[in-house]
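Following are the structures in question.
Below are two complexes that have subunit A in common, paired first with subunit B and then with subunit C.
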Partner chain A sequence: MNEQIRREFQVLGKPTPKKDAPLKAAGRAEFADDINMPGMLHGKLLRSPHPHARIVSIDTSRAAALPGVRAVITGKDFPGVRYGNLPRTRDYLPLAIDTVRYIGEEVAAVAAIDEDTAEEALDLLQVEYELLPAVFEPEEAMKPGAPQLHAPAPGNISAHTESQFGDVAAAFAEADYVREDVFETHAVKQGMLEPHACVGVWDSFGKATLWSCKMSPYTVWRQLAMGLDIKPSDIRVVQTYVGGGFSGGKQEAMPMDFCALMLSKKTGRPVKFVHTMEEVLTIGHMRHPMKIWLRTGTTKDGRILAQHCKLLANGGAYSSIGGFSIFLAGAMLNLPYRVPNMKFESDRVYTNNGFCGALRGHTVVQMCFARDSQLERIAEDLGIDPLEIRRRNALHDGDVTPNGFRINTFAFDECITRVAEMSGWYSKRGKLPKYRGIGFGCGAHLSGARLMGHSASAAEIRMLEDGTVHLTTGSTDVGQGVETVMSMIAAEVLGVEVDDVNYLKVDSAATPLDPGTFGSRVTLFTGNAVKQAAEEVCRQLAEIAGERMGVDQQDLVFRKREIINRKDERQRVSLKEIVRWAMFQQGRVITGRGTYGASEEKIDFQTGQGNLSPAYNPTACAVEVEVDPETGFVDVVGLWGADDSGTPLNPMAVRGQVIGAAVMSIGHALYENLIRVDGKVMNPSFRDYKMPQATDLPKLADFQHANVITWEPEGPFGAKEAGQGAGTGVIAALANAIYDATGVRLTRLPMTPESILFGLKGVQQQKGNRGP
Partner chain B sequence: MIDLIPVSLRVNGVRYDIDIRPWRTLLEVLRESLGMTGTKRSCGEGQCGTCTVLIDGKAVNSCLYLAVEAQGKEIATIEGPPAGDPALQQIQRSFVSKGAVQCGFCTPGMVVATKALLADNPAPSEDEIREALVGHLCRCTGYVQIVEAIQDAARGMQDAASQMAPKGSD
Partner chain C sequence: MTYLKRLPKFEYVSPRSLDEVCGLIAGTSDDEVMLLAGGTDAILQMRRRERVPRRVIGLKGVAELEFVRERADGSLAIGAMTALHTLLSAPAVSQRYDLLRETTAQIGGPELRNVATIGGNIAGALPCADLPPALMTLGARIRLSSQRGDRWLPLDEFFPEFGRTVAEDDELVAEISLPRPASNSGGTYLKFHDRHSMDMTVVGVSAFVVLDDDGRTFRDLKLAYANGAPTVFRARRAETVLRGHALTDEGLEAVAETACAESSPRTSWRANGEYRLELIRALTKRAIRLAWGKASSRKGTKP
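Now for the complex of A and B:
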């Protein structure tokens, strides 16, 4: 692709085990639930059993009198300030005050000497509710006369977004072929194994400290300040190891976080909360169920002329970041295909269900399912090879999309080719035995989004006298490998070993401010900041070393813990020696700071115009399935994916990310489903909420992934995102594979055995009708 | 409140005499009474495998096992014996070097379950490994690197055993 790809790295580009893996494998990594403090109390939350009700009164006296109970709080113990992400969407309260809006909403909290006592105290809390009419489906919630959830949101419209580029009406009029389809997606959960947990201490100096497994500790920090109505400087959020995130509650301050602090304030003791898995699966933060109406017009040869999409999202009871969720869905209609004329209209609607927000892939996953399923039907109708129709519409390096995405690198075509080769596509498609099929699916993702408010990242490096490196950023490792890749970037620049870099977990009292880990932003945004910080350290050290060595500092290179004169490699000095000399003789603190801003780019969230991310990555995959015609059961027998993640800085971590993302999408496509009846979650347990097991996946030989290497100029050392894009094409690929195997076209998720059997009956009837 | 009862547990070869309430699970007692937090608490109903320990060499979900029932048995946890356990160490090295650890929350349970698997079946096939992992959820890796790590650990342990063989053969 260019010269730089062949660049020799010292540290980067080699598969590198996670730095914290030995600690984790030994069971010595301290997660939030592993924290134990002297005198610590245990908290529990009382949750609403009703989907919509007014709280008439709460009698806490019997609970408070139970031996072992130390404090009971309700919503009235908080200042009544709503918190959230954007001024317009602040609708959360630490505990409900007068109204509950979904089953599971937090109403009161108890701190007791142990969990059993706290649990028992919950049973003694007496809440008098006045039931209100509830509404669960967005279409119903939008009707006149429907129960209203939030006064400032008439018609229960939580967020609305629309955008239009080009002349959609003219393009449809010109199209040779037009089709419309409706797709429905469902509620799924993050499914991280570590339940939310926190420990709060409100000390006698009035400072509140929260230890918790947060992906975005600074978001939590701000939201805590908002909901507690105290200064952010009086709050400290300390990140523990995070046992899986995938967005959701670990992105935001949750009721448990507020209650741990408030109960600590009341009792003078540390207070710990740990959700049960039932709570995790009942409360909000899940993928938005959507109805997606998609109309596409093409030329005879399958070139997309126009797309018109209407999207209705069931937002649940609160906003979370739902406004951005639907904006993103519309924006991502622009990738990975060229759509010259486009119209997008979307509403996110409040209903009396657990609220929805981000989950790995956010809303890109639903859009890709709809679009790539439809594209396959278009290809079939027009008699075009499914891969060829994708190639004809593929975006390329240097393209600018109608909404203003400026694409630097985008090896989409090569991803399609690699998947076709790996999967044996042309020897399989249409040639597999009955009930066996192969399908293709594509997608794309951002490497972080430029958002309103806080988008930029920062990093700070301090050299220690033993020549090691103290690196802090505001980005969290949630298992994806941030601590390793950031250390690798610093080590690459400074010419030291990965293990010489000590990457600290986020502590709002000590680490740079950062929006956190989400949107596949960290490697690119924070990575650039780390690179710049390390370069600044090199500049300072080269200045000192140059003086000491009598060498022009421009000629100095950093390699193997030494500073070397490239013109005469015999002239070299150890990094440690220079650091020590600077410290001991000059009193200098060698620190480097780096930043990566979102540049001056402005995204117009009203019109949808703007270059939302610094970099974009395409992905393609093929999935092979075998369907049991008796049971409708789908066996995923092969999965081959290719991604343009730029230049993978740690190929071991990239592989872990893309395979993990793909497997999560298999679960979401086929069986994961948070079943809700009148707002009640019917399967809040891993027994009934089924996630992929080791036996549900293709064998190693048929589960392959390839990186198509590009050098992304915006990325640190050419890198782009890896953690989410790879999951975006998988669901459509499965739908297309099931169609190839059975003739059943499924447009509603999850694609259960029942829906396949039902579809098979339809296919057989059609054949029967056509018969002689 | 029900009185505490005395129990005696052998964990990783060390005897602990403690007083507990009789309904406490082995998971709770390990984590809360003995401070061994390497064994993780997640689903609480034997579905996820994060709380796996070995009892007399068999992998069990400690969230579903009463501590009182574990008396008189050998309990082995991820913390391992004070002097170290070569099998555990080999499995841990393989998990690290093969990229089988991401968030690490399932890892202790996976490692302990692997020890039980390889003790029974030193050279498991890929299918046997996958079967052994049923009941152990991992949301990060998609299991691929975990299966590869277990294959690597099996090879490593066999290599170690074959190096030992000449000494032990007579």
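Now for the complex of A and C:
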């Protein structure tokens, strides 16, 4: 049945180039920084040079007097209402009012006739600070007597979660084998190529409009209303092209957004802000550095009986979505394995660093690094093949995890098999030359989370008289291909070409409300809504066509821009003709609406119980490395991954996504490291913040990916997520491969040549001590 | 915050001749006047406000500083304003100065090599600069020009301490001269950085080997290092260890050991000194082996 449906796809399932590719390749896509308006001013932000200080006074007079400066604002120009995500974690202000909590925090803003003048004005702003003691490490921040960052958070605990499923103590007592390990991860940045940019206009009617490269425009919309203390209906957020998101700040309202609007209000002119890459790399939004203590108990044959995890996350100065970040880490601790008893305790701690939130794979990436590194050690200790231990513990279709995840489709076993085949695992493992190694790593992801607040998506389709389709949703294309895949879904249902569908960017004044683009939710949530909207349009058109053709509307199918009687295919009418007849003769507006809620089930965020997502996807990968034993330098010579992304709707985009996710994890594991000394970022440039380049990656022939195709009943046309899962197993695979090549077990990221070289010396010394 | 700011305000002058340049810098101090070659470092220094010159003298229009020329005595003369890309495409460089070609090709990407100059890479006096080690092992001499006249000195003697050169305030690096390499010689520059390409040098080693006529022993070995100490330097004691000897594992270990003893790499957030020493040890051995191999394969070919 599933196979049959797939074979019958008209549009879906075929590799389809992204619709905006020609525009972007030709440099004609308009990004926020490309917007120019008459009389537009340029804004710049003054940032704190101190990790923790009280603002005693700000003298703006000299800056305001500089010729060309039109307005200067400070935190006091805003209503002083804190904004943020969850009600209890609203700790952002548009500009600091009395306290700065990290180096780079926004203190004041200037609008001037050009960027240079605005920047010159920053030099003239005089801020008197009273320095406060600062704290950078979570352990230090939790100690009694440590500097306190936020009054409502004693002990600097920004968020805490605890959950327990099954009888963990009994399971450990019963276990044949127990081991504990500690893993540490570091700060990495999103590294999107388009820095944050916006243009704000506060018009004379009191309406504020922001054009910006937002991943989640409606989140921005709400946060702007909160921080400006005005009605959401007085705010309009218009999405521009997004040059990469990765949750690097484009999912929220940022100080620049508030300042563009407030400076526009003061000057009556449009105001543009564009961050420099140095600002992007200095300010908040990055992956949480974590210490992960993990204890696992198994039977002799390697079946996991219990896992107990304690996690300490360095949250930085503000909450962002950190509360959910650590919740997710615990919720996803077990996937893709069957863990009957599990316990999770975690703290996210405020420190005087840039703040942390989500980054592709969110906190699942760190957990998979810890868990799949440890699993490999367990396999070694118990003498079990590393693939076999994974198979023995694999989740399967139809499983319900102890925390309530209902697993519909989960072709994990087959992913393992495919990776073993593609990588030549059994002909390589243990048989490679010295200092060459191969390692395995697995992970999983969810296709959007059911959140407490807003989690439903909607779509609206309107037929135009030329037979083309006007499609709006609240989901944004951030480069991952949403525009194309949503157009494909609509085209499939309506029997038109992909190019007949016009997918509009989000405009809060016109498009349906949506939580935004994050958590791999768009294909499944918004995709279902689009499918439903298109089906509704078909129903309306079939009714009209059926009447006109004298055919039972149940017998009509939509194909190749025609409506056809399936019982007698000679009876057909063009889609356009029906649309025009309906419009011109009946005055009808052919629109269809669709929704996807997935909210009938509530998650208990206190206990962690509940089915967090409609669908879950497993991933497996093998990485082959060669290590230079004299320098510790690692060459990633091959990477083979397999994912169950359900039914890939646009295989070309899926391939781009999974390779992209894997590459980001290679960067995280080996190269990228936001180095901070006393809260100061030492390497805020792409010269020094080292993202992997083409030369750092395996050759394309050795960089393979396979889709294990399943038909996810919850997904539109069987689809699940593809953008994040594929990166989750890569770091552990790399650690395991380096261990295979050198005998050096790295539990701390990044895996630098230095740590490998000195690790090798340790290994050699141990061998020497053992004697011949 | 050390944000890259807008450029500071300065007066920009663009002289057309070396005489004019010398006139412009005569009697000025380094703080007041800055010479701008390719600008790949200097612009960043200005944007970080590490240098705030009153006047910037752009050397781009000084045509007489841009040349690659073989002299009658067999040496190679390179104008200080020669871009790295020009060096790479000069036939004399690719035919006779493989070490220089190889080193230049490893610096940055094409965009950077189109603007960065050999003179700037030297005069910037950065310990991580890649060309000075290679040029030192090739026996480079440099010409400093001023209104007072020219003087020549070996490049080895140009960097007295971190970030400084022995050039007076009124002098500029005008020319680099390389003797023609012996026929049975070969050199290589190995550098380590975190990524595979386009990255800052953590440690760089240049080794230049001249074989004896029989091709079995070292007549000469020169070694110079980037980021091995506060300045680029030659490891003179290490260079003597193998002189007159054949290539052996023990010999290489001894050279590497001596080179480490002569080095004093710093610990910074980029890399630990201890690790840099390990790199010096490993790359010294590797570079000498490679240079030896190149010298051996060139033996008997016409210079």
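What we mean here is this: the second predicted complex is superposed on the first by the 763 of 772 C-alpha atoms of A that agree within 3 Å, B and C clash if a C-alpha of one lies under 4 Å from a C-alpha of the other, contacts with A are read in each partner's own complex, and residues count from 1 in each chain.
Assume contacts are C-beta pairs under 8 Å (C-beta built on N, C-alpha and C of every residue); 3 or more make two chains touch, one makes a residue touch a chain.
Because the structure is predicted, anything quoted here is derived from the model rather than measured.
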First (subunit B), second (subunit C), both or neither touched by A:Asp702: neither
First (subunit B), second (subunit C), both or neither touched by A:Val663: first
Touching partner for A:Glu184 - first (subunit B), second (subunit C), both, neither: neither
First (subunit B), second (subunit C), both or neither touched by A:Thr276: both
Partner, of subunit C and subunit B, that touches more residues belonging to subunit A: B
Partner chain in contact with A:Glu601 - subunit B first, subunit C second, else both or neither: neither
A:Glu380 touches, of subunit B and subunit C: first, second, both or neither? neither
Contacts of A:Gln693 with subunit B and subunit C, given as first, second, both or neither: both
Common ground on subunit A, meaning residues reached by subunit C in one complex and by subunit B in the other: 276, 685, 687, 692-693, 695
Residues on subunit A engaged by subunit B in the complex (per definition of touch): 15, 17-18, 20-31, 33-34, 36, 67, 190-195, 241-246, 274, 276-277, 478-481, 652-653, 655-656, 659-660, 662-664, 685-687, 691-695, 697, 699-700, 703
Subunit C to subunit A touching residues, read off their complex: 1, 3-6, 192, 194-200, 269-272, 275, 278-279, 281-283, 286
Partner subunit C, residues of subunit A touching it in the complex: 47-49, 103-104, 115-116, 119-120, 276, 278-279, 282, 630-631, 633, 635, 671, 675, 677, 682-683, 685, 687-688, 690, 692-693, 695-696, 752-754, 757-758
Subunit B to subunit A touching residues, read off their complex: 1, 31-32, 35-45, 47-48, 50, 77-80, 91-92, 95-97, 99, 101-108, 111, 126-127, 129-131, 133-148
